């Protein structure tokens, strides 16, 4: 339904480095989002790889752990993107944040976005921690 | 107008360590906010020192630089607290972020809160950078 | 529990034209919202028909398709009203938007409200498209 | 530029009771908003009187002071409507809230929307209090 | 996982009066939130008791019913904290609001945060009212 | 300060078509934003041209007028991006919206984001209309 506009060649470098970065941060979770988009908005899947991951996350001026701290903080504060917050809690843990650091970020958001935003962030983190503690079979939905 | 409820002694440890932390992060800017609150809500000035700075920012589980990355990200994403964002751009620079790292955080917020939020964050950062480059006399309004 | 204040006669023209407009846009979905409100806030059901649909959507200065584009864009960007967004994806399709146009609006919201808002909008649209493709029996919950 | 659609007679009762309620709450400030809208969206000025003030604020099930507490709380928490917040701080004081009660509402919003939202609310309140303390000449800009 | 920093003695007065206030407002619901936090962020459970309930809700300058009106209004308007909104609808009813007053607050939020926010608030209230009408056995999950 | 990462050649097609689209929509206003970014975040200026304008606005599946309706609606509803809203009111008028259509979009946002958001949108539109009516000399700040 959603045709692909740009010739594949045009942005292939951005796409390739974006996909690698997405895998580094999110593992399979990122790929699942891309797959879920395929039937409805394949071009948006491509943009999602190219701009956030190919352009922004690959910039060397800020390390990946700091980038995930920023993202977990922002999504917790905004409070209207629970699925993406969970993906980035995984991402933060994948690139070097400890669970305690994730919990600290969310507690701190009580100061800037209120206690409900912090609480909802903490409970999202708890779900992610439980997922990661579950035996591998349970992790493949 | 706003009476002080808790006896000074009750929370004095939180207040003292909060004030020290506020000075470490924000220098004079934090004190100016406290002073501005005095005529209207002195108890709120006290809470602001005690909870965010005495309770949260003093926790050792997350370093100060990471805390300021989280705060700058959240305030840029929320987009409705320009004065506080500027105070925390100063704070981020005071505790070890480079200007380029601040700029990177704001660029990244385009992904999570849209380009206008990122643009307004970048222009706020630019104002702060200019303030810090101005000769000391101009810095004392 | 919630008494009706205005005499039925006072605003009957607004109510009548609002109900007709609601049906034109939302078909049965609008009526289901009205019915759901009846036990808790019947006056609010009346206001919902009178102001948004009787006053605003009936104004001839902007065509219905443009109005639904505006509403789908706003609800996708705000990101905290999933049920209403789905009703208006139906509405947009009912008044002449193509599925591809709905998808384009949501993709565009990545620019103004971030990628998570756009993603959540796209997945809401996908649910609506699936509902409309399902055989009629499945459509009567 | 913006034609008036409904015949004047249709909603005259709502308009009349809305205008009276607006004056009771906001005094001249409400009228100034209406006047400011006249050149660009006169119909919206009418809707503003009819729906919020003619329909909602006139309902007897909640007293005016409680209604203004709700509005001051919501606008402080949302944090993106400073002019309207100031109008409603005036309104809250006009219908029986004390200055201290307004200050308390804003302090409480730190819990639900974060400290920056509370701070910006407090400074808006301070401006309103100063306006009301200024000699009458200064009050007529 | 999350160590407790402050010595228990330091803030015991705030904790004790906060816990009493939380119970007065929320009954068991508040305690369930505290319990849910224990495995992931026990310090945050303590902060939640100390600052919102020990510091803010115990201040005598605004009565509890007015405080709950402010909170229900703010959470309805923000629209991204459904679980906390339900807890505070219970709270509002526990400290003297009638069901009709809660409904009125939510209807009024249509003016300040839009009809979807008001609708989602009304449906949350409806759930709470149903919970309270259910036989006691069903109330103990 | 902010180095340019991608080789100029890599995305030149996106950049070129984005710049042309930006000029078509925003005329000089877009260029002024780009120029303002140059000293602080030149890469972000490039991303702003490439992704929103080179990728999204150039897609043929939705006409430019509909795209501007969506953007004006979203920015009015979000309510925290006044400078960008004004740029896009200009944009909407440049690509075929009438002033009355812009006013209608903002009035409609009262339904989805509340009256304050609509009012602030209307006053922003009024500023833009006045700018466009001013003699050309006054238009070059």
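Note that the chains are named A, B, C, D, E and F in the order they appear, and that numbering of residues resets to 1 at the start of each chain.
Here is the rule we go by: a residue touches a chain if its C-beta (ideal position, glycine included) is under 8 Å from a C-beta of that chain, and two chains touch if they have at least 3 such contacts.
A quick note: this is a predicted structure, and the numbers were derived from the prediction, not measured.
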Interface sides of chain B and chain D: same vs different residues, half threshold: different
Chain pair showing more contacts of the two, A-D and D-F: D-F
Centre-to-centre distance between chain D and chain C (centres being mean Cα positions), rounded to whole Å: 28
Rounded Å distance between chain C and chain E, as computed from the means of their C-alpha atoms: 30
Rounded Å distance, chain B centre to chain C centre (Cα mean): 41
Junction residues of chain C, two or more chains touched: 2, 43, 47, 51-52, 56, 59, 61, 75, 77-78, 80-81, 84, 100, 103, 107, 110-117
Chain A partner contacts - residues on chain D that touch it in the complex: 77, 110-117
Complex interface listing, chain F residues touching chain C: 51-52, 56-57, 59, 61-62, 66-67, 69-78, 81, 84, 100-101, 103-105, 107-113
Contact set on chain F toward chain A in their complex: 2-3, 5-6, 10-11, 13-14, 43, 47, 51, 55-56, 58-59, 61
Residues of chain E defined as touching chain C within the complex: 78-80, 99-100, 103, 106-107, 110, 114-120, 122-123, 125-126, 129
Complex interface listing, chain B residues touching chain D: 1-2, 33, 36-37, 39-41, 43-44, 47-48, 52, 75, 78, 80-81, 83-84
